[in-house]
């Protein structure tokens, strides 16, 4: 009888059962579920705050034009509201998963030595195992599982996957913040950037860096837990013990990344003027697709595309705007004339606000989905 | 314009739009979803067959007594039906997850260059992006997502987690089969064991080995996909491309592991006589807990436990049965007398069939849960 | 200026430089190297003890015949000395790698804000950065690297790979111990098995289980560190911070797994009689390859193989020895006569000690390699 | 006898031994080593080309001033030559590891059914296993290992670690290229950027993106192989089979990433004017540390740091240069006077070329180390 059981027995009245019919794994797994439940509550509160803030930013900046960037190159215009709508949708999806896991994956563990609860008597006897397991589940407020799950670790895997999902959603937000906060981009700033021990001028995106430092670890902890799910027979020789650290860590990292994210988003300061300036500094190139579409009906799609490839290259080489590069090229100018496209039309096509496509509808959909999420999660 | 788009354009009537407003990622992600849907169908069919077979084994062997083993040591008795009930429950849980992922995680991808579908016209125009995206979704039979998911990879992560869950469930079954099929254990055999290129006598548990060879890779492919979820801004520089191989592989491994599992379980031959013989060869030691419980009311739990620890050590050292070791020990015999426990009672406590605890109820619960799973999955 | 630097400054005489020209990463990376050096020393001491003990077991049991097992089935005979020789070779390889990493991968970190040490003056000035970095390296007894390694994390990766190599070597040993210690195999026992909180008879292979619980985590911590090696420009935004926990953990797990392994091996008790009994219980089947080789010259290799496949199946089905199964089969008996193989020759071929092949030479090679390892590591 | 062995036997003269004494794993492991040797040769050739190009860039750009960036913020000046020296050093370290692995980790596999080579006769007999294994090793040009390594997978792990090291070095280079090639940074360009299927103006850093798409997978394949190293007894039930795909993949990804890297670096076009312009656009802020050092002797280090924090904040808020912000502040101006620092000295301290610290010496060390690497690798 382990020392802890002896010690507990000494603390309670004589004849009070201690550790009755339980194996150590029963206690540790059940305790892990109780700790998990508390952690999920904390993470969900932070994620809820993060989502609210994203929704507010989305509503405020649905019309804030900025460069959409693909492969880290300016591509076509988008809006900051659509960017934050993307963050919002991902965070809400992560919240829904965490809620689902809290409702379905947690469970009391109580199986005794080899999952039969034999020490509590045979099936059908009064107070046999299944009955007592049900009472324990009720007392702790945890569901009673179909079977003891000593070597069925799917609920640990589901939990870990949901935690990693939250980290994935937050890591993407933090990655975007570090990129948009770069000195040369400067489209967003953290409310309270962090100083440097040597460089007086630094305003580091500290929260985003901390979040990434957390979230980058999650996939490996998930893999550690998933690998550990191959557990032998009635109780495993090592794989179960290999779960303790990764699960503890993944919970801690998720709760912490969630809290940092709520704080980062609360203080996030977008700079719409700089967003517009960065887009303008690209001299119309991110609108090349738009201009090509203007010319395609008359010139054919392939021809229009090639023409714009050539003009874009010239604009880049000579530091011209895309419109000027087109008009400065004899063949291109002839093509424009053929297509009946005037300089005014050409310049109108260079207005990023005229080429936002479905961005407003997408923003509206994301906000509606968020409202639905809030309603269904009952927060 | 890429060669493929040019080639497709040449194949269709003039003026037929090809790749309209789409970016390459739209095509590849959507294609991946279509392939995934087909793979999930195949995996689910195999898993359904595997589950049916587990249910049959569970019903047939609810009373087949065998050693429960923890840390690879004989612990207390269990039944082979409870073992297969554990396999069944895990496979059913995996099936439910795959069904859920098939219903919720798959989605058409259609966002154009940077997720605004700007090439299809502005919001509110006839035939604008959101409308066309909806039509595309209908045509393909895939849900339309709230937003293009170019850099929100949570659905890939959910899919990968569900696939890994299936692999985890199957890997545990295969691990158990390799252990129970060991030469020295020999409690189950694969229907058609595999021969060896050199050893004429080998009947290898080939299916179980192949399954483990598959399932052990899944956690790492999951981690690869989860790590790749940190994607920059509107489309990622590398992380998206890092998804292609792991997702392909994980689908392939899961479909294949499911098929092998269905086949392995279909042919699995349990050997109840050997199960009983292995238990009997332990000379009553796996019933030590039972005997301790018999003595505890009179002697106190700690005293009874210590007495059995001593008797077990003697039984092991001298090759005695537990009962004989107890009776051969002067102090123990005195304790038995004190407790009023007769030799008959002692020997009755050594019958494994008398110490199965809640195993029958657990088996019934697992079968009921399986019926419920079948009903809700509509297979 | 961070609080810690202020606090340190207050502790030293006025005008004493504190944190001079350094960035926080300089301090943390260098500290990590110092901690690592100490951990490597501890792990190497334990691994050395583990290797000595394996060498002793190898020498003692070079002639102890046991079943070689492949895919967890008895295959052909081997010796326990060859098994421990395999453990020895792997542990020695891991030791060599850890020594190499200790000599080459550790290095002082000192680059200042962005790896130029600019705060210490320009190149060529007295007391400039490179000079001071060299003095710091000397003082700490750590090599001075070619360049500051703020975002070149290959040495962390090398270190993590060597630690994981040690865990891989130890995990294999522990896995073998759990398998050989199974109730039904019982060929080795841990010196002091662990008791159970409920089951009085249990003698769990506790050290092996703890070791596996440690070593199973290592690959994922390695992957975490390898993924974190993609670090941006002069200092990374998150990936560096993601190294702290995994590196700390991997060091701790390796040191602990090494200590447990030394202890487990020190107490390991092989049971040669049981080894022989388990082999004999297989009724000659593990010698089927040997018998086939006896018949192949006369019957052809394929024919001999097929004959033994048939005889093995009969032996298994009817509980006969392989020899009896052969002699009981009319066609086989005729083949034996054709081949001029007598019953005595047949029975001699069933002696496992006659079919150990190169085992003795392999054992000798492993011991020679161990002596060479000891000499070159200078322990 | 497997079909393949039968087929091979039919192809060779009668009595020619085929698959003699070998098990399937002997063949597959040895084949994997031969394939690996070829892959390493290809990867090393590409990495050598990549290193040469880095060395050339380093020599050419040792004096090319650019912003050093930490946490993606401009920090202090550095040189492009020091950046490429960092790439060079890492690639050379990876090359050295691959060379070492090629020399030490590859080995023939030849152990027969359970690692004793018993089918080749007993130790000491003419032509016994160890002798034949040596001849096979000679014939294939692969080292003969101390022991068959059926379940000692450390050489696979070492190989995988070295491949991952190469990927880590290349991934860091590619990450830097994507960041420096951003539209808003534009300090380097790929020679032949890739077009977009929809956006005529895009010049994507295609090679860098492909490289990252490869290298991000490596850590997980490494973990897959490291996890698979826990192999049972004489040959493993599943873990060995789990190596095939990850090893194949890791080899393929490393060879391909190396080739792409050589090509990317060959065409890389740095833009020194833009580097300088980006630094100048920061209005002296990256020199704040330098200015603080100028003032520290007179004002004390903490006071000077605080003064510069204040001035930096004002420069940022009001769009002033750091010098102007200092001079515009009454208190700061007084401090400057106290310190006897003139406007000319202040402006001189703003010259990035005056604050490169040990960059030139570090560049020289990296080039010397590269020369040493070239000499020792004999290329």
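Each chain gets a letter, A, B, C and D, in the order it is written, and its residues are counted from 1.
The working rule: a contact is a pair of C-beta atoms (placed from the backbone, for glycine too) under 8 Å apart; a residue touches a chain by one contact, two chains touch by 3 or more.
What you see is a predicted model; the values in this text were computed from it and never measured.
Contact with both subunit A and subunit D is made by B, C.
Farthest chain from subunit D (centres taken as the mean of C-alpha atoms): B. Chain centres here are Cα averages; for subunit A and subunit C they lie 37 Å apart. Chain centres here are Cα means. That of subunit A falls 26 Å from that of subunit B.
Multi-chain contact residues of subunit D (touching two or more other chains): 1, 23, 69-72, 75-76, 112-113, 119, 178-179, 195-196, 198-199, 205, 209, 212, 215-216, 219-220, 223-224, 227, 237, 289, 305.
Within the complex formed with subunit B, the subunit C residues making contact are 67, 69-76, 178-179, 181-185, 195-196, 198-205, 209, 220, 223, 227, 278, 281-282, 285-286, 288-289, 292, 305-309, 311-312, 315-316, 322.
Interface of subunit B with subunit D (complex): residues 1-2, 5, 19, 21-24, 112-113, 119, 174, 178, 195-199, 205, 208-217, 219-221, 223-224, 227-228, 237-242, 244-246, 249.
Listing the residues of subunit C that touch subunit D in their complex gives 1, 6, 9, 23, 68-72, 75-78, 82-83, 85-86, 89-90, 93-94, 97, 112-124, 128-130, 133, 146-148, 151-154, 157-158, 161, 164-165, 168-169, 171-172, 175-176, 179-180, 212, 215-216, 218-220, 222-224, 226-227, 229-237, 289-290, 293, 301-302, 305-306, 354-362, 365-366, 369.
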